[in-house]
């Protein structure tokens, strides 16, 4: 191991290369480096913090649940099963030998991550959190595994301790409308807990009225809400009931992700009739889509009334590789983006609620073409619309630079919603926010260097982007 | 006011940050900085110059007519009415108190413009034209208002004096085909006037044969042209009549902006039949679109014959927010871009006139995806086709850089049409052209620094881009 | 000529301008500058090397066959006929006077190529290969013509000598499935030949079952393969027969270019019925498209079985200007890109063969929007999918930078296929590969300068990109 390449995080990483620009960027980054993490959208389970159970092993922490990590290994021929993906509860997690093998697969494929943000996130975790000082490789894999495993046995690496160390101010989870939010409640009632974990209302599958299993979901919604979902008004009331329940447990937003962003309105009678057909399982595919789009309009209406910020993450081809989905389930790395269209899709909602003071709509996309053509122009007119941070495949340094460069000229900075980590990889949260802060510092420094902005304005702006704006946009 | 931040225009603003590249860019910019302004497409009313009436007040000059300024304020919750938008002739402009209030709204929202070109344009006007030396803010608003208002009372700030000070060589207006062009005529006949203001033929609404009110427009066309528009051949002849009238009054181009760029040809009999239905108000929406697309082919045919350069600005969702359009009218900032397609859309016109020596077609877009995929490849083959400058939402530093970087590799520089300010904000014209010159200087300097172009070639190129090419492309 | 501007290739051309970044880039470029050229896709005729006939004259070498050169001249009003385009065999090439005139047209339009890669390629050929020391212009045209013509008369400029001088390791041609590959065979049997020229199976027109002349092609396929193509199974067997013939002659890939990338499967009975209709010339346009798309699925199936790497170059509007195609034929510069969609289009193939160990699929595009949205996400999951290099209109410095910056963050470097010159301009091959190496060096140097990659990793990566990866991906 004496000859292993070192792993060192350079203090100027991701800052602009030009020395004069870098100087400004360094000052801007220093101003926000230690500000708290505001995370209004993500996928960490609240139970981790409620139970504060130690993380089990390096693989189940860093590899198995992270489809960013898995998909690239798979693209180089690694079997997802070897990474612990798709195991049932009865399977349980990988045993020690298999976990160690998975970690070796990651380390021996380290060059595959060159140029990707996954490398940045993993390096930051390994070096900053676990004190690893050697570059991952086939040779160093076991040593790194041991070092991480040893750390995880320490109380300082339990979820609550990390929550504090990460300086998290608020962490949003993503939850099923029928979830009882027991973990959120437990945290709220725990006098030893001083953080803030808020649920997010994510009703996608309840709106996909033509999908297999939807009837059972509608029944479950009735059971949990106590509102009869046998009729259209009842179904809407049950959804509102659960939104209220979420709000009572601290929720500030409702998140939506369908194949498209459409919000076409039906007449009341059309909606009622289609809903009746849905309950009978007699909807055509087109009718199911029509009712789902109308339901999105209803969600916007409810948002304008109850104040849950509406966030949209549309345009993903889920489970693109049918055999992989069949073998391993959903969210295992074979989702592929698709084109998306916002202006026509959102017109019904924006005509009705676009200037409504209670309405907030944050738009995310995997289709970069919409940044300058659609999202920025919409957010640059409608008081309710905000530009969401680059998401998923676009959550990477050059993509974030393209995004800032593309949207700022139309909407400035104050109508962007602030960074969203959107992750289930808890330990990557600080690195993800730090990446955004470094890139914002670089972007603003470039404007200063080109005399497009004074440095005092840039300093004020980066502080706003980091904490003020997300708190304001998400009513935190 | 002693503590107000200063407003200073740095001489190197918008030039590349790298010192070596900036040196080259500075030399290139200096070469063209003082060249005359050639403005072959814009929206300043000719009457301003014919009448030479002093501008009324800071708000009606800088805020009310400029939807770039308004839309961003609106996106931060400002009521457009407070900015003087949508007032009828009987309403008249805002009174002194309201005008001052509007100006305060702008200044107190100054941080909203960070990162946008609007800030660059406004700063240039405030600092260079009006001598303002403090950064706009709630505190400095009244002082700046007074300073601008005082300047406007000076004869040196009347439209003709500014025309000279701005070194405008030619300024194109945009006009209704039935306009009598009285202001243009008055200027032509005025021996004290030495500038050049040319009309532009903009027939959009006369081609939207299915729109409400079209019949009245066709009647009006008949009245003004003296040609019977009751038949299809008559309608075409009346349009040609008005094109000839415009040419006789100095017009060099015809401008077109529809939802798409299609130019599908009908057979003579189909066109004749659809036109008859149009006159009876019996066209379906699809038939109206078909006839409009065919009319675009007829416009191209006429352009190839009469030499009016055809400019296309397609792909805008007009009046996206129906309630705002209902309350304030058109062009108030709620237009949103949409995707556009050129190669198939223009094939009928290009098959027929693409190599016709009399035909010129300049393509503009709000859909950046077409730069490298469609517009540059078309202009890189067809002698008639030129790449228009970045337009509207794309008329900003980083977008202009993306545009140059994207189109030049396929068409070089000589097939780009030159900068178009496209503005109704008269006082912003020098700043807009200066922005383009600075960015062209930066782009060329980068090529020089990377040894892709010699500096003597870069110097020759920037002069051509600035004055030679637009004069040639627009036959000025 | 004493006053002519010099033509000098700067050793740092195309490297980043920032001095510190350039230092790193220079080291990286030096590491790969002299590595062999691996060219797995191109259009140089094998006969040139088999016959080793000297090139005839500067125009027929540098201008006539190169539609990159021609199209830009045409866009400035030059008649393609004056460049020797579209001459039949009986016409023969341009005579000396006409050839010299064509060369003068090129040189006098030299400024038209500023900012384009064509200039880089031509300069490299003129300066490095032919020793030209003056910038092309109307004045220097004849002198340069003479200098190039004199060189071509030298044995050192015959194809085989150049093949060696260019350090080509392997050169792929593109061939009709019915080609007897005589030139490839001659090379293989020639004991004095030590290079490697491999054919590529390009069956496009055999799959366009509804196109005029297809029946004759199917008959020809029967004749050449000796397999009855009167039935669907026979047609497939005949195609497989020719693939096997190509493989026996060294082919490593099959290349496909249709209007879209779709691979929709038909049932066996549907395919059989449509094929029968095709043989009778009774297919509708939609049916022809359906059968072509199914044939693409069959090609993928065969690729997974016989190991020919499948390369896709979809989304071109061929012969956009009908009059030009009518007068001069195909591939004369009036092809225009169109939008393309991959994830849905390829789903049938990827569901069936996406994880098949024998299957390789390399995706090229002229639609940049698919880089981050579709191609990189697909290659970042499927082991079989690789990101092809920027192609055609995108084979230029800034486009290549956009491409690297856009795809690397999702797939890293190891899932990009390596550079493809795709050219029929034999003498431009070294310049094209050198451009790619310089840009890769610049991209990696930027990552090093931003502390996103260590320099030892960058060095390893650029070597892999240049030779290791293309050898591996194309099974060379």
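The chains carry the letters A, B and C, assigned in the order they are written, with residues numbered from 1 in each.
Here is the rule we go by: contacts are C-beta pairs under 8 Å (C-beta built on N, C-alpha and C of every residue); 3 or more make two chains touch, one makes a residue touch a chain.
All values derive from a computational prediction rather than experimental measurement.
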Same residues or different residues: which describes how chain A and chain B meet, taking over half shared numbers as same? different
To the nearest 5 degrees, please report the angle of the rotation taking chain B's Cα atoms onto chain C. 120
Whole-Å gap between the CA centroids of chain A and chain B: 40
Two or more other chains touching the same residue: where does that happen in chain B? 18, 369
Provide the residue numbers of chain C that touch chain A in the complex, in ascending order. 18, 20-21, 341, 343-344, 347, 350-351, 354-355, 369, 372-374, 376-383, 385, 405-406, 408-415, 446-447, 449-454, 456-457, 460-461
Give the list of chain C residues in touch with chain B in this complex. 5, 9-10, 12-19, 71-72, 74-77, 111-117, 119-120, 135, 317, 320-324, 333-334, 336-339, 366-369, 393-394, 396-399, 402
